[in-house]
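One chain, chain A, appears in both complexes that follow, with chain B as partner in the first and chain C in the second.
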Partner chain A sequence: MVKEIERAGIPVVHMCTVTPISMTVGANRIVPTIAIPHPLGNPALSPEEEKKLRRHLVERALEALTTEVEDQTIFEVK
Partner chain B sequence: MKTLELGYIHIKDIIIGSESKVENGVLYVDEAALKALVLEDENLKDVSFDVAKPGESVRITPVKDVIEPRAKVEGPGGIFPGMVNKVEAVGEGKTVVLKDMAVVTAGKIVGFQEGVIDMSGPGAEYTPFSKTLNLVMVCTPADHLLAQDPDATLPIENEKKPEYEQAVRMAGLKVAAYLGDLGKNVTPDETETFSTPNLKEGIEMYPDLPRVVYVAMLQTQGLLHDTYVYGVDAKRTLSTMLWPTEIMDGAIVSGNCVSACDKNPTYIHENNPVVHELFKQHGKTLNFVGVIITNENVYLADKQRSSDWAAKLCELLGVDGAIVTQEGFGNPDTDLIMNTKKIELKGVKTTIVTDEYAGQDGKSQSLADADPLADAVVTGGNANEVIILPKMDKVIGMLDYVDVIAGGHAGSLRPDGTIEAEIQVITSATNEMGFGKLSAR
Partner chain C sequence: MSKRVVHYINQFFANIGGEEMAHIEPELREGIVGPGMALNAAWKGEAEIVNTIVCGDSYFAEHEAEAKEKILNWVKEIKPDFFIAGPAFNAGRYGYACANICVAVQELGIPVLTGMYQENPGADYKEKILIVATRDSAAGMRQAAPTMAKLALKIMNGEKLGASCEDGYMNNGIRVNFFEKERGAKRAVDMLINKLNGKPFVTEYPMPSFDRVAPNHAIKDLSKATIALCTSGGIVPKGNPDHIESSSASHYGEYNIAGVDDLTSETFETAHGGYDPIYANEDPDRVLPVDVMRDLEKEGKIGKLHDYYYATVGNGTAVASAKKFAAEYAQKLLAAGVDAVIMTST
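Moving on, here comes the complex of A and B:
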């Protein structure tokens, strides 16, 4: 899906936990996420903390989306 | 030198009655005693026992685990250490095995990845457990585990699934250990001895043979996808080593609901075919060094760490070759490729044993991940292959879940009683330790 949407000229950020698979399938902008069963959340956190985490991940993804890349790039989340 | 003798008692028939014993190859089971043993667990409301024999028109579903009864006769520890018996290192002395039979746990579904065993017909060709005499225990969860929705007939959508999974897992292991104990005073029909030299001895004994280690990947994704080693949930472990014979004494047990075709039931751990084949070649064409166990977790950092450690152990051992087996599919394919790549980069040749999800037409990519260094692969077959299973005269368990288990679909169970599904639904059809019957060239 990532590749097909990009083929149509729209840049894509692939947010995923297993970044090696994302690299293998050829995504260009990759943002690592939390875990396979809960990529954008973390049940160990309080709802407030979790919201902060979610926002942070999405902001990182938006940042990646607007960054020029030459090659497949993993945008580590701090 | 670590030596274990397995004594095989071939079981020709199972009779459910009022006495427990093994006599002249017949296993007699005291139903009331077994029931009392299982119902010690307050999370189980009921259990019923039935026997399924090879060639019968019988379907068992939904199947959770398959276990071979064993007992320690000599040597430290007990069978299934840390689970049924106390934690003590096993793998030496003598162990008795009730051969040609299995304990099969079934009952109301825990997770959606439970299986089907047909004792005859085309489905029987795909599962190794159509050839064993099966003592099937159909477990019923206690009411308090179903409290959320007493009318639910489909998956128990509440928070008690882990308790139910644990109850059924422990019930199966306890019954298998109980039956194994019946063999303790019986003279085995045959024995087989497995000896593993320590590193120093091995190098001295076989200076010219290539040294080979077996890397067993254990399914540990959590959420009902777990494996236990000496009672420890393996997702909380670092990659480590075992004597191969510890596995024969039940050091590794299954607690998971991965797709039926490629989960490793406890029976297959006990009879791990890679371990057995490596022993056959040990001292002849290779020197079998031991077993590295590593996990398949859901955090990338865990995958990185565990594969680093598996590769590091190969490096530390200075082996020439490694055989890597997997459990499950999808993201574990990344663990498989990470292990293989990192081990190869240590200068160790690898062969992987896996299976494929190549689509119903077999034309899709087989694994979710790949690398040029993974250039020696043995496949257990394509799990997406479609099969029609005929109606069976008798069902042990229940057909309620055929449409929802992995590999099934809405309408899998057809009005005439036949089942159309992917072979994914069949227990151990594409086993990734090579215990199944499928492969490809």
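Moving on, here comes the complex of A and C:
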């Protein structure tokens, strides 16, 4: 799906846990996430901490969208 | 009586000329021209090329309808037992012409065969017509011609085709049941041992081949950008109003989130099978981060969170379906002036 969005001319970032699959399907901007059942959350954290984590991940995805890439790129989350 | 074959080639293989002659219109010749010699020799009288059709590659590409009409009329008149085109190796327009004319001739009820390199754009038709896999240059003629001749004869004689790897054609997506000599566990272990020892092995479950799309330019100013969320993680309004299947989804949903600041367990859920849905059902923002995007919008970090999000279930969903869904909703996103997309997957 990312590829069809990209093909339509819209930049897209793929947030997913299994980044090798994302590479295989051809996403160009990739942000690794936490876990398969909760990519953008961590139930072990308090709700406040969890939202902070989610915001951190989303901000990384926005950074990816504002970064020019030539090829498939994984934007590791610090 | 030997079978009658019509052969299609381009201006180059007809020895007319290269690129400078690629504009020539289709012409019909008696007998064999160029690479037809090798095919004809391999048939040893069982089949024979009665006519050769020559067409410039650019002419075919630019006047496809006219070229096809002319060629089909000749073929209808000749009524051959078989139609063979190329091989085109990695010549893009030639491969495209070979594949397209084969598709058209096949519709007349005449069996067809062509050959080309697997990355030739014409190879996209491999599920519609039989295409022999060749090398990427004419240096591969020595292997390609006998393989094509043999397969062509097999088809003309009405023999059963072997597997694509045995008969040299590109995988056409048709699977046939058969009994293996050895059971699966042994084959898997043998394969693993070969792999560990760096020896060659052949997978029994090749991954589908994926094409690539070049990345689009980055967003210059986030504070003015409209950003949409999409997901393969199955987040849907509570009750799954569109009945998106928990696996092998047949459709996607479009949902309005204008004015929604937070996805909660009361209002949204996941339709996705195959992963433990507890966390996503407890707080769907864990899959589709509407809460954070709304905060970022309020703070002016992003221009706008798009009013609609698009969701489907990625679990076991066919690549072809996913491609179709996204190709469709990407047009809606474009029409709505969306500047960028965040796609989340579970």
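A few points about this structure:
Definition applied: the second predicted complex is superposed on the first by the 78 of 78 C-alpha atoms of A that agree within 3 Å, B and C clash if a C-alpha of one lies under 4 Å from a C-alpha of the other, contacts with A are read in each partner's own complex, and residues count from 1 in each chain.
Quick note on the criterion: contacts are C-beta pairs under 8 Å (C-beta built on N, C-alpha and C of every residue); 3 or more make two chains touch, one makes a residue touch a chain.
The shown structure was predicted, so the numbers you read here are calculated from the model rather than taken from an experiment.
Steric overlap between chain B and chain C is present once the structures are superposed on chain A.
After overlaying the two complexes on the shared chain, residue contacts for A:Val58 are found with chain C alone; chain B is out of touch. Judged by the touch definition given at the top, the superposed model places A:Pro37 against both chain B and chain C. Of the two partner chains placed by superposition, only chain B is touched by A:Thr19; chain C is not. When both complexes are overlaid on chain A, the residue A:Ile74 reaches neither chain B nor chain C.
Between chain B and chain C, it is C that contacts the larger number of residues in chain A. In the superposition on chain A, A:Leu45 makes contact with neither chain B nor chain C. Once chain A of one complex is fitted onto chain A of the other, the partner contacts of A:Arg29 are limited to chain C, with no touch recorded for chain B.
Clashing C-alpha atoms with chain C appear in a single stretch of chain B, chosen from 315-323, 405-413 or 423-431: 315-323. Of the residues of chain A, those at positions 17-18, 21, 24, 36-37 touch chain B in one of the two structures and chain C in the other. Against chain C, in their complex, chain A makes its touches with residues 1-18, 21-22, 24-29, 33, 36-41, 43, 50-51, 54-55, 57-59, 61-62, 65-72.
Taken together, the chain C residues at the contact with chain A in this complex read 207, 210-220, 222, 225, 227, 230, 232-233, 275-280, 282-283, 285-289, 291-293, 295-296, 301-302, 312, 319, 322-323, 325-327, 330-331, 333-334, 338-346.
Looking at the complex, you find that chain B touches chain A at residues 221-223, 298-300, 303, 331, 333-334, 337-338, 368-371. Residues of chain A touching chain B in their complex: 17-21, 24, 32, 34-37.
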